[in-house]
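Residue numbering begins at 1 within each chain, and the chains themselves are lettered A, B, C, D, E and F in the order written.
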Amino acid sequence: MIEFLSMSGYAAYVWPSVGLGIALLLLNIHWARRLHGQAKSEARRRLAAGREA
Amino acid sequence: MLRGLSLRLAEGQALQLLWPNGAGKTSLLRAVAGLIPVEDGQLLWRGNRIEDDRAAFCADLAFLGHDLALKGDLTAAENLHFSVSLRRRLAGGEIKAALDEVGLGTRADALVRQMSAGQQRRVALARLGLWGARLWLLDEPAANLDAAGQAVVVAALARHLAAGGCALISTHQPLDLSASVNRLWRDPKEAA
Amino acid sequence: MLRGLSLRLAEGQALQLLWPNGAGKTSLLRAVAGLIPVEDGQLLWRGNRIEDDRAAFCADLAFLGHDLALKGDLTAAENLHFSVSLRRRLAGGEIKAALDEVGLGTRADALVRQMSAGQQRRVALARLGLWGARLWLLDEPAANLDAAGQAVVVAALARHLAAGGCALISTHQPLDLSASVNRLWRDPKEAA
Amino acid sequence: MNWAWFHRFGSPPYFYSVAGKIIPWLAWPAGLLIVAGLWGGIVMAPPDYQQSDAARIMYVHVPAAYVALMSYTVMAIAATVGLIWRMKVAHAAAAACAPIGASFAAVCLLTGMLWGQPMWGTYWAWDPRLVSVLVLFFFFLGYIGLRGAIDDVSRADRTSAVLAIVGFVNVPIIHFSVIWWNSIHQGPSLIRKGGPAMPASMWVPLVLVIFGFTFYFYAVMLMRTRAEVLRRDRGGSWVRDIVAPQEPLP
Amino acid sequence: MSVTASSWHAAAQILRRDLTLAFRRPGEWLQPVAFFFIVTLLFPLALDPELSHLRRLAPAALWVAAMLSSVLAIDFLFREDGRDGTLEQFALSGQSFAWLLLAKTAAHWVLTGVPLALAAPFAAIALGAPADAIPGVLASLLLGSVSLSLIGAIGAGLTLGLRRGGALLSLLVLPLAVPTLIFGARATELSIHGESMAGPMYLLAALSVFGVTVAPLAAAAAVRISLE
Amino acid sequence: MSVTASSWHAAAQILRRDLTLAFRRPGEWLQPVAFFFIVTLLFPLALDPELSHLRRLAPAALWVAAMLSSVLAIDFLFREDGRDGTLEQFALSGQSFAWLLLAKTAAHWVLTGVPLALAAPFAAIALGAPADAIPGVLASLLLGSVSLSLIGAIGAGLTLGLRRGGALLSLLVLPLAVPTLIFGARATELSIHGESMAGPMYLLAALSVFGVTVAPLAAAAAVRISLE
């Protein structure tokens, strides 16, 4: 296991790369969902404002 | 450019300059405000020479030129807040009231960029009222305004004059100010 | 933005749009000129769809917007020369005559930068005449003009209509065109 | 050919609901492929005979690079469709591609740098392939900047579409840079005459991750496009049914 | 009633107009050249100024300065005509819009690219290049500035009407101009070393030809949108 | 009728206003940073790109790029406020005009100088500087950009209202900024070589102090003239 994690000495390069890849995948999903949420709440705000006026 | 002019404004008095194109209305207003130097002659405010205490004069002065000094990326309320704060501290609710007076109460939080030319001019008029200055210098305040907009200008002026302010206004169409002390000046050569 | 509009202009006819601020006068004129896309609906010129032959339509069109398309560093005559040359070759003396008609005969060689707002607008009016277009689209042609300047606009329009042209004009004060086919349109909802 | 489906896709409500149904069908395969591929590549595959375990960076670097190029391509195509057929949904899709593409380009650059240090002895070199990817990254940023600088949505759509199309010249440059110039970067090793230049235990996981990333890209792009469509039509009547379905009509 | 103007006549008028305007204010087209000189001079100041050292740097300094002053100048290509309504009139003139914009770009090249190319040999010598390199430096900048102007025209069209076009403009234009920079600097370097610069010059010429065909169309599309 | 506003209150309002405006359009203050990166990127592309070679060039490339992006950004310091009449209102507000302009300059430095200094270490590393140099590069740019902003304010005031301010502005500002360039580049160079950079840093600090006292007055005089 230790041997696997050490990546024959390249651990300092391999694991950050894998980490970057996974972060990329997770962050893009997060950003996309946040955008969707913002669009929805903005639309809701608009509708509410329209009803008041 | 202009020579041999002499004019005097009393409290509660408005003077409308109805001079033709290029006669020097804009130049006169800017000279009075101190934005362009006066080559010859002198300006008095409350009996003192303006050069002697420009800060005091500025505190009494509100100038509205062709350019409205509004930021398109700020809302109407923010615009009023930032520009009035340079002169005095605002109490809560004042801005809302001022916007109501010019008929923009519901649009306080709209970006000025998204307003039409006429609405922007109304925001600038609201600012005039908030400054609380004694002397208003207005350069074509009714430009771009429809009949309703002109009524807003007239009402704002009437309030100002009734409160003892005075105003110097350049226009192409005379504004119908009911104030008895409203005067028209149709030709720069005529004495006022 | 505008919906359910329908209008038709005949030769020698002028239509003045007297709509209030923000009603869409500027937008309508720019859409007719093809400067902003028409989302729905169609424009016909001499019975053909404009999209089908835009160059032919442009040759018949003169547009005068808020911006006058004049270069401050060129003289009035040079401005007219360069802008008319894009459309047709000029004969000698035409420019001088056109400037005379708008009352600027003596200022042909003055830089436009040194002219007042009203004089600049007159130069733009002179250009309209020189283009020789059939359809004039004028956005607030009398803005910034004094009474004499407005008379110049009216005279230029009268000549144009008499020669069989037609015009679509946005204004805040109706222009007093004696042409019998002059129509006013006070509200976008009213059919024309 | 029947173009009805194309026009139907141009209608925001239809797009919104159909895309919402498609997304899971992309997302789940993407997840499975990526997990399988990364497992195969990082745990199972043998170390490279030259680069030993450093070669495992490949399983992130190469898919990220492919997807970065693909997202620019998709963006340019969507922009063209939007410009020609005046299709708002296509513009929204182009807008959605830019941030995703920028993030993939950034990861391609960063993993490339992390790979470069052990292999070339330096994080960064001024090499045609590397520089052209950096330029790609700047194009994404420029596209985002231009779009952000224009307030009017329709103007922003069309202006940035022109930029997306013009910038497309860079994509073939990136791809062929290793062939046209003598680059320190590796030449094509997967898709080339005579088959992949590595054993199946190495290239099969790589292909899995590449397909996984591709599905992932389309899933996220559709998510962003839906959000974008909603944002633009926030006043539209169909939006009410989505954001506040239970409320009665006023 | 009137003889319509041919497209060549129209283009010639635009060229004449832009040159007339520029010569009324000579300060303006001298500015990019002055900027170019100042930027090349900044390098020796920021480095320890050994000539042998500087000479290796000369192509980079010349080309970076040339690109920056070109980008700085291109910002004005359409800005004023857009602001005062002239571009609207171009669009409504019945002539091909792309063609008229190409004429404007040509005028711009005459007013900035040519002076830049004429100034470059002096800057090169100040940076330690030999006198033999003068024709090569001149030729490479003359040719390179054509494609810089054309690429710049696209950027100027895209950022027309934006409040802070300048910085965004360079963000859009500089990446597109990277090939010009690489080939141009290579040509200049070869000429400083007294070698044949034919290879990169052909590539620069190819870039210019490509630019002439593509740039006006892209610029016209962008400008038209910004006029709305 | 009203409590007049203190000058600190007024300055704080201007700062808040300018930051609010900037954050409404984040693209705008990121652009100078992007420009900075692109310009530093141009150098290696125009040279034969060997890192050992590049490292000697790094201070020059960093500082020339920083100066240019600072000049590019400073063009907007007063332009919009001048165009829409805000500066007129500042002049008539009864507050010290120079003081209000200093507040605007401070906001500008926060929006451009600070991001530039934060970006510089990355660019330095791409140009081959060692990681140890990061604090030094950051500090020298942070301090240097103060005086760049102040000098820039004078230039922005002088060119306010000119149609083609941009190019002229750089002609005025760049020569004035030469001392900043020399000391700044020297400080960066020392920090890249791992030596003490105290000497040039004191000089940079002195330039900034001098700038704070002189620049607002000069800028105010210049802006006032251009308002006429």
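Here is the rule we use: contacts are C-beta pairs under 8 Å (C-beta built on N, C-alpha and C of every residue); 3 or more make two chains touch, one makes a residue touch a chain.
These figures come from a predicted structure and were not determined experimentally.
Check every other chain and keep only those touching both chain C and chain E; list them.
none
Under the stated touch rule, with chain D ignored, which chains end up grouped together?
Drop chain D and the rest splits as A | B, C, E, F.
Farthest chain from chain C, going by the mean of C-alpha atoms per chain?
Ranked by distance of C-alpha centres from chain C, the top chain is A.
With over half of the numbers shared counting as same, classify the chain E/chain F interface as same or different.
At the contact between chain E and chain F, which are copies of one sequence, the residues are largely the same (over half shared).
Pick out whichever of the two, A-D or B-F, is joined by more C-beta pairs in contact.
Result of the comparison of B-F and A-D: A-D.
For chain A and chain E, what's the span in angstrom between their mean Cα positions?
Their C-alpha centroids are separated by 42 Å.
On a C-alpha centroid basis, what's the spacing between chain D and chain F, in Å?
36
Report the inter-chain centroid distance for chain B and chain D in whole angstrom, where each centroid is the mean of the CA atoms.
About 56 Å, centre to centre.
Would you kindly tell me how far, in whole Å, the mean C-alpha position of chain F lies from that of chain C?
From the centre of chain C to the centre of chain F is 46 Å.
Out of chain A, which residues touch more than one other chain, so two or more?
none
Show the residues in chain C shared as contacts by 2 or more other chains, in ascending order.
Each of 37 in chain C touches at least two other chains.
Which positions in chain F are in touch with at least two other chains?
In chain F, residues 25, 27-28, 31, 34, 38, 45 touch at least two other chains, as defined above.
Go ahead and list every pair of chains that touch.
All chain pairs meeting the touch criterion are A-D, B-C, B-F, C-E, D-E, D-F, E-F.
Enumerate the contact residues on chain E facing chain C in the complex.
Answer in residue numbers: 1-5, 9-10, 13-14, 16-17, 20-21, 24-25, 83-86, 88-95, 100, 227-228.
Applying the document's contact rule, which stretches of chain F touch chain D when the two form their complex?
Chain F residues touching chain D: 25-28, 30-31, 34, 38, 41, 44-45, 49, 51, 54, 125-126.
What part of chain F is in contact with chain E in the complex they form?
Counting only chain F, the residues touching chain E are 27-28, 31-32, 34-35, 38-39, 42-43, 45-47, 53, 56-57, 59-60, 63-64, 67-69, 72-73, 75-76, 80, 163-164, 166-168, 170-171, 174-175, 178, 181-182, 185.
Spell out the part of chain D that touches chain F in their complex, as residue ranges.
Listed in rising order, the residues are 122-127, 131, 134, 138, 141, 144-145, 148-149.
What does chain B use to touch chain C in their complex?
Residue positions touching the partner: 20-22, 116-119, 143-149, 172-173.
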